[in-house]
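Just passing along the structure, written as structure tokens.
All chains are identified by letter, namely A, B, C, D, E and F, in their written order; residue positions are counted from 1 within each chain.
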């Protein structure tokens, strides 16, 4: 594949975990600039989406700073859900500068871009059953060991949120 | 005023001009981290809002990089208009991490935050009649000298947009 | 006209003035129960709609209590603007119990109900140029004598809102 | 707890049952004025939300009139769902006058207000498995004995709705 | 039943199958003009709604042309979901010319029109377990024999959509 | 220009006039199938948009039938305004089957498609000052001679709408 200038990495990051961090590094080896899209930005306080977009943006920024990723090479951009799947990439294009390749592990996202003829890359996944946001949320709810699955900067953001009761009785 | 950790600078940046650049510098002297909110992010292709959020984000990022502003000290976050003014600050809080002070020149924004009891700072304006986005748009439409009012990085983004006809027949 | 059981009085009440109070009394002489619909409930902090729905509801309730209007005979119900005029009466019917007649001075509201075949009554207006919300807002902005145009209970709600700067620089 | 002036009671009231009535009385012993918020006001004609906001408002008003609750001490205000949980309390504040304490049995509502620092009170529940709206809906669907769980005024509203087929084939 | 001039046939047509075709013919024997409403027009790319409104409109038009149904006797009109069930018929009336009778097999649609007092006709269903859109989608996903359940014109539209991966990993 | 298979003609048709009819004929000489998009479909009952989408669809269909335009060669599809101009063509693509060329006289529509790289054709306009929807609406409001500007089928739809008062007091 030829070197592309600009890429986009799309996820919900509920929460941002070590697998996401690997994907950011993987993508930054392949493109010069990366837009990290925080999807479903309007959602929070529910089982599948416990964290606000503000909290998720902070998770990503603090982690990448701690990892000494050059902050001039990426931007973090929240995008709310569209009114229908068929217009979702247009919603992204409205708020994200031009890009040439899409990194995502989400089947629907990959399909929508394939139908538009935009190149997509599915990054190799770390040990999937473990490094998935679903697994992290499950462990938090069940009181399991979740901290090894996310960067330390993320632990520091999630801990006080748990303490304030966000995960009690989520639906 | 005591040193605050985190601030927010709210504008529409249609386009980002030299006055906005001064405000970013002014704010970064007063807070450690700054969230730059690109308001009315869903708007573009109209007289008062010619540029997309993606284009505006790029204007800001390219300018601040050229000015060697430390990219670890700010984030640029697009926020669409709310369904009503009274809920707008809640829409901002949904996608922006916590902040302690608001920089803005917009009367409505300042009033909304004052009613919520959040500290606001109205930055000193550069020679206002000149360094205003309204003036820049007016000069572009009328074929006047607009390039002296915006950073060079912004000229490089706007020039090809004009060439592709965006400003012909805007309403 | 035969005595109808239930009526609806639709307005924006920006603010609730003496003419509105007369209409409430006029309507309560003709129907047993009255639903007072606070329209454009999502709007506030703008020139044509300075007050929130919460503030407008309080104006109406405090005034009718002061006037000793029987509180078991009316309900005050906020309704936001619809996505299009043709569906607006359906938005009202969604949140308002069944009614048989519509009181309004608004031409569009009257027309929409006429097209649906619902009986409408245009109440006689008090000295119109004076007792209009437009006139009240104009006087507030210009520092004129507005207090004679609204009930005392409304003065008590508006005064602190003016003091907090709501009317400075409204667009 | 010191006597507060104004409180808010938030529920969906699908339908308003004897447990809700107890909570209204409980709240009115603790605050002078109560705003009863009818949540998810845009929903109806579905299994979890069979009744329109208009029907629910009438259930509450007719019941409280029958119970001789002073109508000058409460207002009933419909509020639609927000575009995301994190902005929901702002949607409420847009249409409800100022309040100082929140009564609710809903975990998410309680959590959202706790995060905002607003005092909350979880009212003691009547014999929960019985006096729940879920149980009432279940019995209606299954043809069970639901009338003992709701006030007589509510029976009179629901009976004709059942007769017109609303509950046949709800999803 | 007396001959009515104009009718409406409401469905989601995910996809348009032989049962739908029978209903169109059934309806055209009873009314002179038929509006075919493509509901949930904003939905696509999901398990229950795989096809876009554009694709569904094309399925209907190509089938009716192949069946030599007089194109001057029907119109195909997409309608998105409403913000609540109680306003849905108003959303339809906003974009569909006047009609006198409703053809539908959907219980909720039939109930909503019955509550409005509009005549409804539930068309006799072809061998239901087979000729249902749910069954067609199930067979496509499972790689079963779905082509016998839809008109040939629809096979020609669906085949390339399957080939492009739309059905891989739908949720 | 090579013969294209499918085109789209975008307008608001408030109302459909003789100039629009000429454009339909002009387009049908150039493409085999034409999708006629009725834009701003959610708007009605206001000065710039007096007619509902249902009424506008009927104007077009009745006129083209009267003109003996082959009904198998066109479809009429209503499309509501998008949440922002930059996503509008995506909203169109969601409900309109694939097309290869765009006919429009609207500057913004032409610009949006040019930026997407879709071929556009601006049809030659009939005597513009006369054959414009703005002129038709102006004459209706002022009681002038508007009937010569629209097809007879449109006169038959507008006349009873005027009689029912739609144009009295439009804003």
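A few comments on the model shown:
Following the convention adopted for this analysis, a contact is a pair of C-beta atoms (placed from the backbone, for glycine too) under 8 Å apart; a residue touches a chain by one contact, two chains touch by 3 or more.
In this text the structure is predicted, and so the values were computed from the model without any measurement.
Annotation of subunit D and subunit F: jointly contacted by A, B, C, E, touch as defined at the top. Any chain that touches subunit B and also touches subunit C is listed here: D, F.
The chain with its CA mean position farthest from that of subunit C is A.
Here subunit A and subunit E face each other with different sets of residues for the most part; under half of the interface numbers are shared between them.
Among the other chains, D has the CA centre that is most remote from the centre of subunit F.
The distance from the centre of subunit A to the centre of subunit D, with each centre set as the mean of the Cα atoms, comes to 37 Å. Work out the mean CA point of subunit B and of subunit E, and you get 47 Å between them. Remark: subunit C and subunit D have CA centroids separated by 26 Å (rounded to whole angstrom). Taken residue by residue, subunit D touches two or more other chains at 42, 44, 52, 80, 83-84, 86-87, 93-94, whereas all remaining positions touch fewer.
An unclassified topology is adopted by the chain contact network, corresponding to no line, ring, star or complete arrangement. Here, these are the chain pairs in contact: A-B, A-D, A-E, A-F, B-C, B-D, B-F, C-D, C-E, C-F, D-E, E-F. The touching residues of subunit C, counted against subunit E in their complex, run 83-84, 86-87, 89-91, 93-94. Contacts from subunit D toward subunit A in the complex involve residues 83-87, 107-108, 111-112, 114-115.
The part of subunit E that touches subunit F in the complex is made up of residues 41-42, 44, 52-55, 57-58, 61, 65, 71-72, 75-78, 80, 93-98.
Subunit B meets subunit F in the complex at residues 42-46, 52, 80, 164-166, 168-171.
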